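Read from first to last, the chains carry the letters A, B, C and D; within each, the first residue is number 1.
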Amino acid sequence: MTTSAPARASRALKIPTRLDRRYLPVVGTFVVLALMLVVGGSRYDNFVSPAVISNLFINNAHLIVLAVGMTFVILTGGIDLSVGSVLALSTVVTAALLQAGWPPAVVIPLGVGAGTVIGLAHGVMVHYFQVQPFVATLAGMFFARGLCFVIAPESIAIDNASFVSLASWVQIFGGWRMSSGVLIALIVVGIGFLVLHFTRFGRTVYAVGGGEQSALLMGLPVARTKVLAYVVSGTCAGLGGLLFAMYSRSGYSLTGVAMELDAIAAVVIGGTLLTGGTGFVLGSVLGVLVLGLIQTIITFEGTLSSWWTKIVIGVLLLIFVALQRVLSLRRT
Amino acid sequence: SDAGTAEPGGSGENAGADDGVITLGFSQVGAESGWRAANTKSIQDTLTEDNGFELKFSDAQQKQENQIQAIRSYITQGVDVIAFSPVVETGWDAVLQEAKSAGIPVILTDRAVDSSDDTLYESFIGSDFVKEGEMAGEWVVEQYDGEGYQAVELQGTTGAAPAIDRKEGFASAIEGSDVEIIDSQTGNFTRAEGKTVMEGFLNKHDDIDLVFAHNDDMGLGAIEAIEAAGMKPGEDIKIVTIDAVKDGMQALVDGKINYIVECNPLLGPDLAEVAQKVVAGEEVEKRIVVKDEAFDQAAAEEALPTREY
Amino acid sequence: MRNLLRHHLFWPVAALVALLVANTVASPSFLAITVRDGHLFGAPIDILRMTAPLLLVALGMTLVIATRGIDLSVGAVVAVSGAVALSYIASSSDPESPVTVLTAIALALVLCLLLGVWNGFLVSVLGIQPIIATLILMTAGRGVAMLITGGMITTVNSAPFKVLGSGFWLGLPVAAVIAFGVFAVVAFVVRRTALGMLLEATGINPAASRLSGVRSKTLTWTVYAAAGLFAGLAGLLISADTMAADANNAGLFIELDAILAVVIGGTALSGGKFNLSGTLVGALVIATLERTVTVVGISPLVTPLFMALVVIAVTLLQSPRMRARLAAATRGPATTTTPPEPQSAARPDSTEVKAR
Amino acid sequence: MTQQTPSPVVEMTGISVEFPPVKALDGVDLRLRPGEIHALMGENGAGKSTLIKALTGIHSPTAGTILVDGVERRFTGPADARTHGVSTVYQEVNLCENLTVAENIMLGAEPRLLGGLHWQAMRRQAATHLQRMGLSIDPASSLGSHSLAVQQLVAICRATVGDCKVLILDEPTSSLDTDEVAHLFTVMRALRDDGVAILFVSHFLDQVYDISDRMTVLRNGRLVNEFVTADLPAAELVQHMIGRSMDVLEAAEDVAEHVSRPADGTPLLQVVGVGRKGSVQPFDLDLYQGEVVGLAGLLGSGRTELARLLTGADRADAGQTRLAGTPVRLRTPRAAMDLGIAYTSEDRKGEGVVDGLTVRENIVLGLQARRGWMRPLPRKQVDELVASYIQQLGIRPADPEALLRNLSGGNQQKVLLARWLATAPRLLVLDEPTRGIDVGAKAEIQKLVADLAADGMSVVFISAELEEVLRISHRIAVMRDRRKVAEIDGGEATMDQVVDLIAGGGAA
């Protein structure tokens, strides 16, 4: 891409024409995901069918949104343990307000906004008070869960007609189905991708993860970026809650217990380093699909007792991570 | 609704019944307690090939999304009957609608769903949690009314249906008596937390007369705490619990618990019967309340030797 | 006063004291300790006993965190430990024999050590990120524990085993004696040998440590193995407490409590400098907090809110910014006209750069 | 050069910075005028970096005023300073290795397209900036894949992007070789002629004399004075800086003569055909006891890689190594250490300092690691050891309990050197040990190396400063394009000869 051939070409670093090393983990994830599909397809009837793949997305739309938000935070070198609880809070707020007769046009922004506010609080704690992200968001996790109980310990059904019709919107293409939730999730993924790769904020997120001090000395707006990353994650958790409320048409305070671990696992499986600075939103989406696929395999197996389910999930996770590791080590 | 109409392979293919074998997809909540394990075992032991069933079982690990996913998967796989113990009461309309459109009957076990449309499922088999709380409360009133008993309550997991209902049932039953609940805290249905919470109560109050625990495990934990404090459970402090698992029954026989209301996990036979009827197109009752007994010490002594779980 | 305020344990200890005061207000006899049959009884003694398993787990967690790692699997290991020990005792012909009990304990501890070694292998040899490496065992481990117990709660009657949970030694609960003893020994070993420094070096700059000849991999591996072992011991204490192995719930979320204890104690999750005495205080704070919820009588509905507020309060007060504010406030106006730059030795990544 | 003195663009007066209890700066003045290159001089720890950080708002001074363009300012940080036209390259390279070169250069002033980043334009512009610096690397490659020197150049590129009135370069040349320095100076002169005020920190006196118009000298956090470069002889400058005369430096001049060639015999380390694919071509090298072997070569010629293969930091995939005649395998740094081979990396920040530990801990780390964790060094012995190195190397502050990250760059380097000396190795491989070290200390280190060799230690010495290599080496191995191309006797070699070899017969 450089304009002229320099005289000192002999010293220029030889760029491998093959795949950029940065994409290796993601490619690894993709390859192993494909392998899982192949193996699953050969073991179970109907496994690789449009219906199953569509369901994979429909069932995991909320998790995809959580993972996108989590990717931002992890890229800055942080972590957000609150997303499961915030998701629950958003479902509860949404359901409770709808039950109280508020119109969806007001309720939906409020539900999502609850996540934004909590995210902002995290950002402020992490950046201005230098509380470690793990702790700040752990506190946020308790806080959101506690708020859920205070609002409504029991599950609340949503029967608001316009909300239900939004929730049950489905587009059908042959055997493929796309729900409103999936559509929203895909839009979020698209926005996440664009923001991370085509805005200064996005690149600063990477810079902060690569070295907060360096980023600061480079004169980048570290404070704003870090706070904003938590705001993004909180908002995504709120939106995830909305999707979950649409998916289950209810709000429940015990929803999403330990869902933050799923989100973190998805992000990490997708090739993002927890130390920050490297990773991709699309990788995280693949990570969610991997987790979803593991669950699908378990259901298709159909004979696993509860404990074997746990053990098999662990083993599949191990195989997955080990394979991915081997693949990316090989190529480097 | 249009949600389920495009289910390929789902509708109409449930010809399984013709060959005499009923394919039943069961989505369990999880394996969060010994009670649940007994429940799972009962279902797995009853719905065997010998009894004319092919059981597809999946454990949702306490996650509603896993359950919805499992049910969707059963619909795609074209099972004859779907049964499940819902993690939560709400949020099932969409997926049950899909099952209905695919012509697959659904049976609920253990916990109900909260839906305005009760045509979405054929039957609900399970105990009545409110009733359980009431039975416990009624016994307490019958035994101790007039003595000014101060009771503490060990609640189940905050927000879970059994915890809410049992609390409500108990409270309504003791209303009007002079039994008073002086403290109530969650022990998350576990022994260890039951013990720590009880320790705390004992630190705080000097005059506890009775413990009402939402399940046996917390009651057993409370026994440990009471003993550690140098008192005699069952005598100095009376204990009433719900569940009637083996360990609880043993403690009842030993006199450490005073009364247990059963919550029967052995739903397998009922489920098998209802499933067969449903597949055969027979009419079934919408609500099948599992018969819950209650045991005092004498009854427990009799029942213990034959206790299955 | 100023030095006291500056001390890294000031706020954790203050939190502990505040909680004890709150308890005493709610229940005036709270701090009373009575002697019965030569044993000490009372809420403070209960708290010591309650702290025991958490302290062991947090001890292992501190060491793991020092190397920049984290161990999410400790809860599952706790469950496995109890399941193995109690299943062995339950299936043996003589549950009351000390030999049986010792065998059961040894069996459980060896297995947990192996689980720790497994984690260490994934992290240090395969180079998998700690959070994921230990997530694998976190998921599968509980499955294994359930497999061992068949999903039911295994209960035993065995006097020698019960000693671990409710026995007394020199008037103190055996569980507390074991946990505090192990803690003291490990703290002594870590601080009196070079282990502590080598661990810190590994956590702060693995590449530099490797070039300096530190066997970082072996150290990392050892630390995970130790965390497994301590979690196993904690599992024994927990199961002996109720004499039941509850594969589903034993040690549930103990990893979060342990991490919280470590952090409250002033060890940063980013690895490096660690502080075992802080972890001790942190564990006591959390155990006391649990007790406070019951004694003060907080409704279960707001319990999580209450926990969140306490955690937020402690961490905010400990934050460099607040410390600087308070330090400036206590120093008084007389000394300097412009407030000097806050020196935040507590935050490894912030000393050079001032965030304003 | 400017004839009349225009009014200063930056005027700092009476600046004091404290890190209680240390007073790092005490009433220092600094004036930067447009169109001048101003050198900031002083020993390690004199307060140069601190002064720069006080200007850009990283440290807030406890006293003093800062005028920028005649307006009093306290910047809130580098970002703020930059918007007011003050661009800085800090001492340790502070860029994001995970981003691409283009991003590192352009972020903050990135070209946009439809509101988003315009990647193509960004790469194009970055390439132009790189070219100005004489760099022809791919702007789309990730920065981490480049050597420290390249990163240094990229950092300078970044600082020159956009509207900059004041350019501050804190030891920009410490990891560059002559060619790069020449390029940098061309760029600096061009900027100066455009009216930019440049503040330049370097421990290389010849560079300072080559490029600066004026200089400010600090000693122990106090201002000595401001001088016009042309009026201040080097000897006097050194005296101002270190408060001593040039004697030390002269002592260093004779270093090479003090040492004698070791007696023949089996080499201490014999390397045959050792290499690593994609890193260094297989090479042979013999190292005798008591000998100093210098490695000379251009940036990226593979000196560092060679050193890493010698010390187990990287694993060789071909060849054989014998130590005192017996075949050995250097698979890890630890294995090499057990054989008495030590390596100090050129990457001080990444592979050297353990910045959260104290000076004491950093010094004993290597020795302690070698003894194993179970045999802790007795505290008394540690204290003596540490005290002796602090004294010997002039580490400042002379406080064993100071956190390493609070030391100045040069002092950190000395601590690292002490770490390795403490392990008393048989073979010491020093990769850029004098980088960022002041004149006085540099001479002392050179003398130290010579003394160690005289006591029988073998030393492999890598330095970007050819002069230094020539001065202290008995033998010089020349590297070119990741291959050892020649070996010449240090005593007889001349500068021109080596330069010729390095450049491949003058073809560079």
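We adopt the following convention: contacts are C-beta pairs under 8 Å (C-beta built on N, C-alpha and C of every residue); 3 or more make two chains touch, one makes a residue touch a chain.
Protein names from UniProt, one per chain: A = Galactofuranose ABC transporter, permease protein YjfF; C = ABC transporter permease; D = Sugar ABC transporter ATP-binding protein.
Quick caveat, the model's predicted, so the values are computed rather than measured.
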Subject >> Identity of the chain that, by mean CA position, is farthest from subunit B >> reply: D
Subject >> Winner on C-beta contact pairs when C-D is weighed against A-C >> reply: A-C
Subject >> Gap in Å, rounded to a whole number, between the CA centres of subunit D and subunit C >> reply: 43
Subject >> Between subunit A and subunit C, centroid-to-centroid distance (C-alpha), Å >> reply: 30
**OP:** Report, in whole Å, the distance between the mean C-alpha point of subunit A and the mean C-alpha point of subunit B.
**Re:** 34
Original post:
CA centre of subunit B versus CA centre of subunit C: separation in Å?
Top reply: 34
Original post:
Which subunit A residues reach two or more other chains?
Top reply: 149, 153, 213, 216-217, 305-307, 309-310
**OP:** Would you please write down the residue numbers of subunit C that are in contact with two or more other chains?
**Re:** 146, 151, 300-301, 303, 352-353
Subject >> Junction residues of subunit B - those touching two or more other chains >> reply: 31, 36-37, 40, 158
Original post:
Touching pairs of chains, which are they?
Top reply: A-B, A-C, A-D, B-C, C-D
**OP:** Please give the residue numbers of subunit A that touch subunit B in the complex, ascending.
**Re:** 46, 49-52, 55, 58-60, 62-63, 95, 148-149, 153-159, 167-168, 170, 172, 175, 177, 244, 247-255, 257, 259, 292, 295-296, 298-300, 302-307, 309-310
Original post:
Which part of subunit C faces subunit D closely enough to touch in the complex?
Top reply: 192-195, 197-198, 200-201, 204-205, 207-215, 219, 272-273, 336, 338, 340-341, 343, 345, 348, 351-354, 356
Original post:
Taking the complex as given, what residues does subunit D use to touch subunit A?
Top reply: 58, 77-79, 81-82, 88, 90, 94-99, 103-104, 107-108, 110, 116-117, 119-120, 123-124, 127-128, 131, 134, 136-142, 145-146, 158, 298-300, 481, 508
Original post:
Tell me, which parts of subunit B touch subunit C in their complex?
Top reply: 31-34, 36-38, 40-41, 155, 158, 183-186, 188-193, 195-197, 199-201, 203-204, 217, 220-221, 224, 227-230, 245, 247, 309
**OP:** Report the residues of subunit A in contact with subunit C in the complex, numbered from low to high.
**Re:** 125, 127-132, 134-136, 138-143, 145-147, 149-150, 153, 212-213, 216-217, 222-223, 261, 264-265, 268-269, 273-274, 305-315, 317-318, 321-322, 325
